[in-house]
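Chains here go by letter, A, B, C and D, matching the order in which they are written, and residues are numbered from 1 within each.
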Amino acid sequence: MRGLGFDIAHLLAGSLVLVSFMQLYQDRLSALINTFALHAVVLALSVAWQAYIQDAPHLYVTAALALVFKAIIIPVALQRIIVRLGIHREIEKVVGVGITMLFGMGLVALSMVLMLRVTAEADPLAREDLAFALAVVLLGLLMMVTRRNAVSQVVGFMSLENGLVLAATGAKGMPLVVEISVAFSILIAFIVIGIFLFRIRERFDTIDVGALDRFRGERT
Amino acid sequence: MELAFNFAVQFAQMLLVLALAPLLTGFVRKVKARLLRRQGPPLLQPYRDLIRLMRKEVIVAESASWLFRVIPYLIFAATWVAAALVPTFRTGLLFSWTADLIAIIALLGSARFFLALAGLDVGTSFGGIGSSREVMIASLAEPAMLMIVFTLALIAGSTQLSTMAGFMVSPAVGLRVSLGLALIALIIVAIAENARIPVDNPATHLELTMVHEAMVLEYSGRHLALIDLTAELKLLLYISLIACLFAPWGIADKNAGALALATGVATYAGKLVVGGFLLALFETAIAKMRVFRVPEFLGAALMLGLLGTLLLFVSRSF
Amino acid sequence: MALLLLLYCVVALLAAGLLTIAIARRPFARVLVYGTSLLTSLISLCVAVSILLGVAAASSLRLPLGLPWIGANFALDPLSAFFLAVVALGSAAASLFALGYGRHEETPERVLPAYPLFLAAMQLVVLAADAFSFLLAWEFMSLTSWALVIAHHRVRENMYAGYVYLVMASFGTLSLLLAFGLLAGAGGAYGFDAIRAANPTGALAALVLILVLVGAGSKAGLVPLHAWLPLAHPAAPSHVSALMSGVMTKVAVYGFVRIVFDLLGPPAWWWSVLVLVLAGITCVLGVLYALMQHDLKRLLAYHTVENIGIIFIGLGLALAFKAYGMRVAAALALTAALLHVLNHSLFKSLLFFGSGAVLGATGERDMEHLGGLIHRMPHTAFAFLVGCVAISALPPLNGFVSEWLTFQAILLSPDLPSWGLKVLVPAVGALLALSAALAAACFVKAFGVTFLGRPRTNAAEVATETDRFSRASMFLVAGLCFLVGILPGFFIDALAPIAEQLVGARLPVQSTVEWLSIVPVAESRSSYNGLLVFLFITFSACLAAFVIHRLASDRLRRAPAWDCGYPEASPATQYTASSFAQPIRRVFGTVVFRARERGEMPPPGDMRPARLVVELHDLIWDALYAPVARGVMIAAERLNKLQFLTIRQYLSLVFSALVLLLLVLATWS
Amino acid sequence: MSFDAITAVLVIPLAAAAPGYRTTARLNVFAALLTCLAALTLLFGRPTAGAYFHVDDLNNVFILLTTFVGFTTSVFSASYIGHELDSGRLTPTFLRFYHAMYQLLMFAMNLALVANNIGLMWVAVELATLTTVLMVGIYRTHEALEAAWKYFILGSVGIALALFGTILVYMAARPVIGEGLDAMIWTVLVQRAREFDPALLNLAFVFLLLGYGTKVGLAPLHAWLPDAHAEGPTPISAVLSGLLLNVALYALLRFKMLLAGNPGALSPGPLMVTMGLVSLVFASFMLYRRRDIKRMFAYSSIEHMGIITFAFGMGGPLANFAGLLHMAMHSLTKSAIFFAVGHIAHVKGTQKIADMGGLTETNPVLGWGLVLGVVAIAGLPPLGIFMSEFLVVSSTFAREPLLAIPLVFGILLALGALFLRLNTIAFGEVRGPTMSSEASYVPMFAHLAIVFVAGIYLPAPLVAWLQNVAKLLG
């Protein structure tokens, strides 16, 4: 049971990393959002599994949270937004997919190396979990860096948050404070982002971050 | 008694230099004339000039200030005091410790300072030329002179002329390279300071290369007389300085009797004659140089002085 | 309790300054400020002198201010007493001068509050006995003087001068701060006593010396750190210029002496090489720069640079002698330097007062627009002349005495064991002699062009004599110059305790030598008697005058100038400052300033006048300061692009920082 | 009674924020004053550390500073913001929103300071960040929105990193302390720190350094700071520079102490020293090309944060003392400067340096106030920053001469830039219009007066306190 539980948790975490890579691969906004939904689903699964093997019922809440918010509401909302804004479906990448992928690989390797330095008496489950979480975080950040489009940056940011949740749930017995704060921050984040997208459309008719630079101070 | 005697000697020297100065100039002129196969003015001509000028009334430019009228007396006094402190026929004069060699040079410096001011006072172009060139020459001559002083002072271990003269006659002073260099440098400086050929020509006016004469162009009457007398005193001073430093033979020392004093006076007269003659010879031998060659001429003196100082540490041995 | 009294004076000054902020525009504010300054300065002067003469005892005091666990320590020993005397004397003279001169001030509210604060700061520097209070006062002194420099802030040059000044000053302070950091050590023992006890030596001490040379040197105006000085000193109101040039630079010298001679351990011989070389270059370059100027105040400022060089030559010699344990020689050199500190503070203040009086009377600083002022401002002219003679080191005035002593110290150099010094010191002597001669030339120019000749402009034509306060102050200082010149013995004796304190020996007592002449080493070696020289000159001058007027004629007639028969009416034909300096410029300038003369002769038939253009380059500025400024600007320009990145690029900055740190962590063991 | 102090410190702002949109400036000032007084009572009685809150010497310093500056700033903004209403930059709705947010911000910062639970601390810091985001964007101009957006994105990335670091700390603590709340209570953590797994701690610190470092504004994480300062309302710029940066730094310090307690972990000093120096020199260079007065002083804040971080990185009683002092002095001075800048912006109707000139002629009080502030911020005596810089530089040079060189270089560079601009703003010929500024000068000069006194006299108890804190910081 122990071994199996470990393997499944491992598998789920690993697949989360995989989905992150899929996100990096996407070049269409709607597809990207869908992939993010998948990402959230996988997260929800792994959190649920953690809840099961740690028999920590409060984690189910988190799982549900992830499922409902990140896998359903947010993607739908985002789809709505991009449709309403009628922004073009193409994602302006900064660097090509190939390079991004390679770089992602490097990041994953880095996170593995870092985690392996951790002495093993911290139980292996947590360790591996943490390694994957770190990888997901880094990949999310990478995505934010390599995309020009605000929506895709938001998506990247949220997959980064997913990594955090993974880590948090992986940390056995971590008090509820954290989950609440995670949800809380995501909520705030989303609301504020919503506000901003709204305002930005008001002002700029586009949410391409590049368009904002024109209005930076001291240019003239 | 002792003090009174010393005082008398000091006073005597003051009068002596004052009396001899015009004669020396006359002598130099005479010799020069003779070397040029001319009759030349009589020996006593300078005295006559001075007296004539003294009698004349002074004409002062309207733009001249009080300074213009004070300066002749000032520079005369300064030079006279300086001349009085250089041992001529007897060392260890009563007031010789009033000013050592550096101070004497500085006294001459003050005289020059004021004379240069006088050149600017009336506000004419010629005066300006004279002053600016004078200070340019001085700015090189003074350091050269001070380097010479360094050389000698480092040898004699003193800047007191009496002590130096005493040391120079003593056997302690060997033949030194530095001394030779210092002597040459001192002669160069003396020529420059006294506005002699080749640096300046004391006998001309209205020549754009002139320095000293241009400065005093506006002077007349008794002022001019004083200035001339000052120049003559200065010449005498330098010759007796050279004599006291490089040919101190026969000079009487502090506690010398009447006989020694007499010989001292005699040898001093001899030295003046020789010095004057050499000067005249030199002046007739070479030509006046352009003003902007002068710095090189004096720069050589400065270099020689510095070289002399530095070589001391090498030539200490022999 | 002498020290307490002094601190009360300082407090009074501070209070006056702060109070004046409110009432600066009122007419009585001027009297209040300068009156207070005058009074307090006189009190501190008395205290300082009484310490020097041994009437009052040295003392120290600790106040619960400043660095908490150190407190604000103040001490009054002979050294600080002497410099306090210099400061107080200068301040008193300047305040007296300003009582009258202050009337010309159009923006008093910018001058009056800062002035007493400036005085207080200078006194505090001299009194401070721990690193924090010292640097606090030091930098406060810079700050207040900066405020005074930019008092006339609408003039662009002044703002520029103030800017350069403040940056250089902070640079100096920071290097002093580093020096004290070394002295105090990681434990933070900032008290001077503690530092003295630590008695640093070896490489540490050498590093401290260099830092102090940079720090104090930049404030004193050692070449090549002098660049701010000729900009800032002339920019301030004249009485402040006098203080900055005459007094503040001396405070900088105090900083050097205090740290190098008192706090640091026994010196190494090569320190003196460093100091001597810098000092020699400084005094010659300073005077050469001065010769090229025709702005009267800037010329004076450059001469401050020169005199600082002379002072540092003395200090360098003292270091050399001290390093080899030649106590008496060290005492001689130190005394020479300190006496020159006093002398320079006197005649430089006097000269700046004079230039101030001229500025007030004509509104001109440019000598080429002046001339003939001796007729309209006779008193100012006379005082200024005294100053010129003094600064040109001519007997019987005071400048000569200190330079003579310096020469005597130089003449002791052959006894030094080190060959390097044996050869270096005479060379430095040559530089000193050169600078002395050039200084004389420069002041013939300064006085001759400004006061003699015929007025070149209408402003100079209608000038009137300055007010009585200014004159009183000028004559007072002139009298002091004269006094020090003819009775140097007493002042040398007053300096003896300092020599005792710093090099452990003193000069033989001078005031008891017969005829009051000074004999630094032995009478057979050298002696000088200013009093007799003066008496002789007056006597023989009067004698000559008497004889001639009696026996020959005393008739006098005024007539137009003769000028070789071509009298030219226009005053433009007179020699100007630049034409006066032309021969010297041709001798030295071509090398030092890469001076070029270009004659522009219009073609025949063209009515335009021919022009002679002289261009001079400040090589030090071009080589040292310009590149730094350019470098900073270029770097700022390059980095400025970082202000205009997109959010994504900023994110990638964060990202790369993260990855970098993680890599570090991954490779760290 | 003392627990009431903490709750008061927290509740009052919350209460003031609760009526939210009906909050007025007067209530704002009142609440801030009450908070400040409540904080003062902490001096007399301290609670024992609880699971969520605790007060020790360290955060007490910060609390006092925060509440005090918060109070003075509220006084300033009360008189300042009215003008914004007249000039039509703000609508009454936004004005009320502003005040509510202001109190919320105070609440969040105090919460972060008194929090004993690292999770809670994180939440508080983030809350503070988000409220300031909203306030920066409040003018809704292009620039304001852009600045807020940038701040938001960078800020929330910082949030994420910090949270990850916090989780890592918990992971490190769990095996030792056991699961549950205890493993997040700082007081417990710091006692058992030596038994934690060093590798995890190191990793955690990297994330915390970058996460909280973003809030501190260390280069290269500083990007949000200048624009946020420049585009937000001036009182907010004052609070940002004066307080929020400190709070973030405080969080960083807590974790530094944690690492310092563990022999196996890497010493956080070098990292902080490096980032401090980078920020210092970089910001000093950036100062030269600034055309917007508020942006310029924002960069100067980065510079000083660099110095403070450097000092704490150096460690040791002297440097830590200097760091604390410098932080307090900087908060007071910088907020005073921003008050002055607010006045100037009203007087001149612009923030462009090119359009201001000769201020000491047209508005002597304001002009000289600015000059005094710049003199203080440039580290010139007799004002407080001189003392702290004196200590930082001298102690550093005695220990690590090579580190002192860039430090001194940066300080000098910054001074040059500041006075270059000051010359054109405060002196020279008059440029730009001269309108009236009805905001009160009291807060500005109050701050400067404190800074001035602190520059020459520090009362003994305060010193003992700070020294104790310095010892605490190790």
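Couple of notes before you dig in:
We adopt the following convention: contacts are C-beta pairs under 8 Å (C-beta built on N, C-alpha and C of every residue); 3 or more make two chains touch, one makes a residue touch a chain.
Just so we're clear, the structure is a prediction, and the values are computed from it rather than from any experiment.
Relative to the C-alpha centre of chain D, the farthest chain centre belongs to B.
More C-beta pairs touch across the B-C interface than across any other pair of chains. We define each chain's centre as the mean of its Cα atoms; on that basis chain A and chain D are separated by 31 Å. Here the spacing of chain B and chain C, counted between their Cα centres, is 35 Å.
Per-chain Cα centroids separate chain A from chain B by 100 Å.
Mean C-alpha position of chain C lies 44 Å from that of chain D.
The multi-chain contact residues of chain A, meaning those touching 2 or more other chains, are 114, 117, 141, 144, 153, 209, 212-213, 216, 218. Residue numbers of chain C whose C-beta contacts span two or more other chains: 643, 647, 651, 658, 662, 665. Those residues of chain D in touch with two or more other chains are numbered 149-150, 153, 157, 203.
Every pair of chains meeting the touch criterion is listed here: A-C, A-D, B-C, C-D. Taken together, the chain D residues at the contact with chain A in this complex read 117, 119-120, 122-123, 126, 130, 133-134, 137, 140, 142-143, 145-146, 148-150, 152-153, 156-157, 159-160, 163-164, 166-168, 170-172, 174-175, 179-181, 183-184, 197, 199-200, 203, 227, 230-231, 290-292, 295.
Residues 94, 107, 110-111, 113-114, 117, 138, 141-142, 144-145, 147-148, 153, 209-210, 212-213, 216, 218-219 of chain A are the ones touching chain C in the complex. Looking at the complex, you find that chain C touches chain D at residues 64-69, 72, 109, 131-132, 135-137, 139-140, 143, 150, 153-154, 156, 159, 162-163, 166-167, 170-171, 174-175, 177-178, 180-182, 184-188, 190, 632-633, 635-637, 639-640, 642-643, 645, 647, 650-651, 653-654, 657-658, 661-662, 665, 668. Across the complex, chain A meets chain D through its residues 114, 117-119, 121-123, 126, 130, 133-134, 137, 141, 144, 153, 157, 160-161, 163-164, 167-168, 171-175, 177-178, 181-182, 184-185, 188-189, 192-193, 196, 199-200, 203, 209, 212-213, 215-218.
Those residues of chain C that touch chain B in the shared complex are 371-372, 374-375, 378, 385, 389, 392-395, 400, 404, 407-408, 410-411, 414, 419, 422-423, 426-427, 429-430, 433-434, 436-438, 440-441, 443-445, 447-449, 452-454, 515, 517, 519, 523-529, 532-533, 536-541, 544-545, 548, 551-564, 567-568, 571, 573-575, 579-584, 586-587.
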